[in-house]
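The chains carry the letters A, B, C, D and E, assigned in the order they are written, with residues numbered from 1 in each.
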Amino acid sequence: MGGSKAPSGLAAARPESDPATPAPVVDIKDLSLTYEAADGPVYALSNVNLQIAEGEFVSFIGPSGCGKTTLLRVIADLEQPNGGHIHVNGVSPSEARVRRDYGFIFQAPALYPWRTIQKNVELPLEIFGISKGERRERSRRQLELVNLKGFEKKFPWQLSGGMQQRASIARALSFDPRLLLMDEPFGALDEIVRDHLNEQLLKLWDKTRKTVLFVTHSIPEAVFLSSMIVVMSPRPGRIIDIIDASHLGRERKLEIRETPEFLKIAHRVREGLRAGHSYDD
Amino acid sequence: MTGFHRGGILAPFVLLGWIYALILAHSPNVAGQAGPVFWAFVSALWLAAAVALNGLSNLRLKTPGARRFLGLCIPILFGAFLFFLWEVIVVGAGVPSVLMPAPSAIGSRFAASLPVLLEDFLQTFVKSVLSGYMIGCLSGFLVAIVADRIPFLRRGLLPLGNFVAALPVIGIAPIMVMWFGFDWPSKAAVVVVMTFFPMLVNTVAGLAAAGRLERDLMRSYAAGYWTTLFKLRLPVALPFIFNALKINSTLALIGAIVAEFFGTPIVGMGFRISIEVARMSLDMVWAEIALAAIAGSLFYGLVALVERGATFWHPSYRT
Amino acid sequence: QSDKVTIQLKWVTQAQFAGYYVAKDKGFYKEAGLDVTIKPGGPDIAPPQVIAGGGADVVVDWMPSALAAREKGVPLVNIAQPFKKSGMMLTCRAETGIKTPQDLKGRTLGVWFSGNEYPFLAWMAKLGYKTDGSAGGVKVLKQGFNVDPLIQKQADCISTMTYNEYWQVIDAGFKPEQLVVFKYEDQGVATLEDGLYVMQDKLKDPAFVAKMAKFVAASQKGWDYMRQNPDEAAKIVLDNDASGAQTEKHQKRMAGEIAKLLETSGKGKLDPADYDRTVATLLASGGDAPVITKKPDGAWSSAVTDAIK
Amino acid sequence: MTTEAVSLPTRPVARKASRLRGGNAGPVLVVVLAIVAIWYAAAILMNWRGTIDAFSRAGEQRSATEILFATMEQERPILPAPHQVLTELKKTTLDMPVTSRRSLPFHAWVTLSSTLLGFGLGTLLGSVLAVLIVHVKTLERSLMPWIISSQTIPILAIAPIIIVVLGSIGITGLFPKAIISAYLCFFPITISMVKGLTSPDPMQRDLMRTYSASLAQSFWKLRLPASMPYLFTGLKVAIAISLVGAIVGELPTGAQAGLGARLLAGSYYGQTIQIWAALFGAAILASVLVAAIGLLERLLNKTMGARSP
Amino acid sequence: MGGSKAPSGLAAARPESDPATPAPVVDIKDLSLTYEAADGPVYALSNVNLQIAEGEFVSFIGPSGCGKTTLLRVIADLEQPNGGHIHVNGVSPSEARVRRDYGFIFQAPALYPWRTIQKNVELPLEIFGISKGERRERSRRQLELVNLKGFEKKFPWQLSGGMQQRASIARALSFDPRLLLMDEPFGALDEIVRDHLNEQLLKLWDKTRKTVLFVTHSIPEAVFLSSMIVVMSPRPGRIIDIIDASHLGRERKLEIRETPEFLKIAHRVREGLRAGHSYDD
């Protein structure tokens, strides 16, 4: 806890960071987190080490309950770790959060039930003080992207599960954050929409050079999207494999899913996942 | 400097300052004619106390025991500060005791009148308040359930429930004395009428609070009305119901005391207050008020404690 | 340019205070160069509190309450006593068999508290009856504002005023012969009722004394007028009743009864003998919380009545 | 087994049945009739003894049926019959100009104005306290116990002091009454709003955190909308209590006008039916006020997209 | 709406039902449902016709918002159709519901926050009046099946998203309903758990001859599990293809996913899904 209060200058001066490469966007050292519960502690994260450079697309994959959400929440300063060091964009997560460095898509849609879909998408824009005209324009564009045109005036409960999830994606994209934290954003979508959104997301990533942290349960999706794949295993949540997939290139067509390169990586991910499970049952 | 340091270092000085100011205020050449220097000193103490309190309450303690201790300390310190101000102002400015007695006078009167206070407490709180509170809350709750169960009655009963809402104590107290006599049952009846409405409104709102999916789950089990009520809707309504119980815990006490102004045997907190006002024994009046405040706060605290246990799952308890 | 005076009454607007309303209505105050504001009272108003808080220049109060306030640090001084006699009494249903004060033993009695209980307590002390509910005494109820406890047989006797509650009992269908009354005046425990009180230190100011002299004189004129024209006085009172609850019949009757209690020798002077009797009664009321513990000193002054030309 | 029909449904939508419930008149009428019937029965039972007593005091012997009818026509009944109250209500509302002091609407208006002012002040105070308690840790811990204590202070005991103190600094009229009303009614609002403002679930709050929204933004865009169901129950309870407070506040100002004055005068002069009429006036006022808030709630619910259950 | 109230005898007497085959468990004719909203109606289902025989495993697949949830809700008597006829087990949906003919797994977990996980799983058992000992035993078994052993005493908010979903599956399985309505039950689960649960579900289906109606977004999952696949298209929600997959047999190993038979069906589903989408964007 004390360490996370260190001045931001320190991050750049760390000995192990190569002066040629830029400071990592996310820099995690020996991170641990334990949830205290009435019937004993839950070791959600244990000794996690991870460095993510600017512009990377990192997928997190691992058995249910292994700590993926928890890790994203720590990066977003929504959870306080018990031990270890973490820096986001060179500063503490809380400073990064206050600077509005990132956008977070939660596992559940978390739409505000008293706002229409459009108003929900405009919520961050309102908070960032963006003018009304611009808000309208941006929400229109994002809702179109996620295929929710015509549902602007509906309230969340009038939407299907997948539509709600899409609305929450539109909301996070609307303010164009540099760092995107996405917790199973496409879980409730069918294959076609999912492929479509995957392509859109890749395009966006390629164009804007955002850094994306992406939790998913789909191995093909993870391999297709990522420049790096982090495989986790549960209780305590640890990283058991980090797979580089940058050699698949930045511009990918859906077709690469048939290439041996792709299948090799997918196989390695699957093996990691299985290993994590053997631990569990 | 951390909150703890600020709070910790300042607190003893503030306490010393209080003691000094109290001694000053009571000294014969200040009492009743305190000058600007004295008031400036008091204002400075005020500021210091605010800073100290703020420091203390921002403290993050490790052990739960210490946290609980701090949670107890802060309101006590805050209260001590209020009493300090009260004492210093009343004594320093020489406010006549028939308008506002000093806390020290109230305290000594309280200590000297314990047997009378106990007797009044038994009559008013134990007999009138507790019985009235239980009947009132229960009946408000039951009417809400009946109205909920029978849609026809819901539409007929709820508007009439609003009707009972504002039957003013002053109006019903004499009538209740006429109906139930001079002793505590008439006060309990007033308390029943006063506590009925908050419980009714809150229960009705609470019963409407369950979400659609949660209800659908019950429907898919073909759960009957009562099963759904007990297993889903009442738990969801609990935060509302506890709000009513909390509001009523203080309302009941006010109701019972006020009702005693309208005829009572010669015992009871309201009786004592009304006659001591006329005797200008404001210290005794405030001793009774202090008793009411202590009893009411403990009662409220008890309800809040049960609430915490029963609605632990509510977001308001999950920070 | 007229002097402002605010008077706080002890009870709601009714013929009991007709003198002040008549004086205001008939312009007696204005003639005296006064601009008088009359604040009605009620069961929850303690006039000493009002005057101590600066809410009035002069108050109407009963002497027991005024003396109690004096001992508690509000130095009230009686400057005039328009009411000579006490109108308080105990009214019993005849069917209970109560005929003499001795029959009260073991009975349930409704008593007005709020400072009006001392004559009763003194009386009971004289009779040797305990009032704390113990055996061989009387059972005391704190009576509310009305006479229902008697009618509904919740009490054997209740407190009444000759000019008010007694007639409500009559209006409720009781015939005078169905009632037995004990006037405090007759039992020798009467205390002085509606007097005028001011704060002691104000009397040091000659201008204030002069102003009060004008006020008391004008009020006395009002009382005199009322004695001669009780019906018109009752109408004036009714006009001033904002609650619209009083009835003409009742107020006229009240005006007539009030007239019987008034000081008629002029100027509303306090009779020191009455004062001494009141103090003696209060000191005899005893109990564990006596209203006054020692003889008051300087609780009345004739400075104002003496200054009336 | 496959079907390819693409035609849109043309059938009328059959889900409107539930909207037909619109009028509450029928059920209210039935419940009212039931209550009136019970009420008559109770009136007969409760007044029976008093009626016999009244006849026997008058020395008259009456048959059971005569007594039966007489129970519903008593002047001082223990429980007046509904038609007696209605007659009194009609007499004091319809048969009288609104400006008259004997008109109930006149008094209702006096009370209503201090109720509304008090409710406004109380809502303001209650909300401000709730907001402070939710946001400032120091206050939550130090203020709450004292707010609770403040609510256990019997209002009638300190109301006169409030009136006197405010009066001495020149504040009179509507305001002191409104203060008492506000003092009583802010508490339900504070309690309800504290619960309501803390009711958004953790994920909804986390969303605001990720935007690093200011406290004010979280308040207006999340906490406040989420607190609506709690706030409105609080408001309903508060407006009812604020009416009670306004009535209580009328007593120490000499109960000059307003429903409180009617109640007090009625009770003081034993006019039971007048008390009941004033009680009904107050209750009707309360129902209207609570219903108005209910209407507001429903309107707001609509714009906030709450589904009809 | 009127039709759904017809006496139960009618279903068996319908002319088109072959007397040799048993009466269908779900029998839907010309079903339509419109949601009334402030800004105009939403045509959620339009002229849906479907018959499901006892013991079938039917998957529903279709773009997000096409009416899958709505259809399941109509069958479960949680939504009233505007037109058409529907029978469940030969009676109206409401009678079937009251008879407790089915178990429903919602798209969201819908756990009660004041109950522990174990108590949540036992909820239907409590309602059905099953003894305490038996409840303990059954909840233990189901929680083990979904791999939540050790989390019995936790409250829902102390579980990850996937764990909550598994708890809700355990809850529906605990009372062993004849008809299972499952709305994207495995959406938030990783591949390994999902495969595991797929196998378990198939085993259960084969052993108990339950009828299962299963909404999913995963084409392989649909093909692997089902004896029949229903493809839907949106606004208005219609059935555009019904594919028989019973020839894959009742006992399936994960390996069949590589067989040409399997891939052929998957291809047809994907085509149908794509067709549904072309309609949309």
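In the analysis below, a contact is a pair of C-beta atoms (placed from the backbone, for glycine too) under 8 Å apart; a residue touches a chain by one contact, two chains touch by 3 or more.
All of these numbers come straight from a predicted model, not from anything done at the bench.
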item	value
Of B-C and A-D, pair with higher C-beta contact tally	B-C
Identity of the chain that, by mean CA position, is farthest from chain A	C
Label of the chain whose CA centroid is most distant from the centroid of chain E	C
Mean-CA-position distance for chain D and chain C (Å)	37
Chain centre separation (chain B, chain E; CA means) in Å	52
Separation of mean Cα positions, chain E and chain D [Å, integer]	49
Shared interface positions of chain D, touching two or more other chains	78, 156, 160-161, 164-165, 202, 251, 264, 267, 307
Of all residues in chain E, the ones touching two or more other chains	108, 157
Chain B: positions in contact with at least two other chains	99, 174, 178, 212, 261-262, 274, 277, 314, 318
Touching residues on chain D, where the partner in the complex is chain C	50, 53-54, 57-58, 75-76, 78, 100-103, 106-107, 156, 159-161, 164-165, 167-168, 251-252, 254-257, 261-262, 264-271, 274
Partner chain B, residues of chain E touching it in the complex	73, 76-78, 97-100, 102-104, 106, 108, 110, 112-114, 123-124, 126-128, 155, 157
Of all residues in chain D, those that touch chain B in their complex	21, 24, 26-32, 35, 46, 78-79, 137-138, 141-146, 148-158, 160-161, 164-165, 184, 187-188, 191-192, 194-195, 198-202, 229-230, 232-234, 236-237, 240-241, 243-244, 247-248, 251, 259-260, 263-264, 267, 272, 275, 278-279, 282-287, 289-291, 307, 309
For the chain C and chain B complex, residues of the former touching the latter	43-44, 46, 48-49, 52-53, 65, 68-69, 71-74, 113-117, 131-133, 139-146, 148-149, 152, 154, 289, 291
Chain D-facing residues of chain C, complex	9, 12-13, 39-46, 49-50, 53-55, 144-148, 151-153, 168, 171-175, 178, 241-247, 250
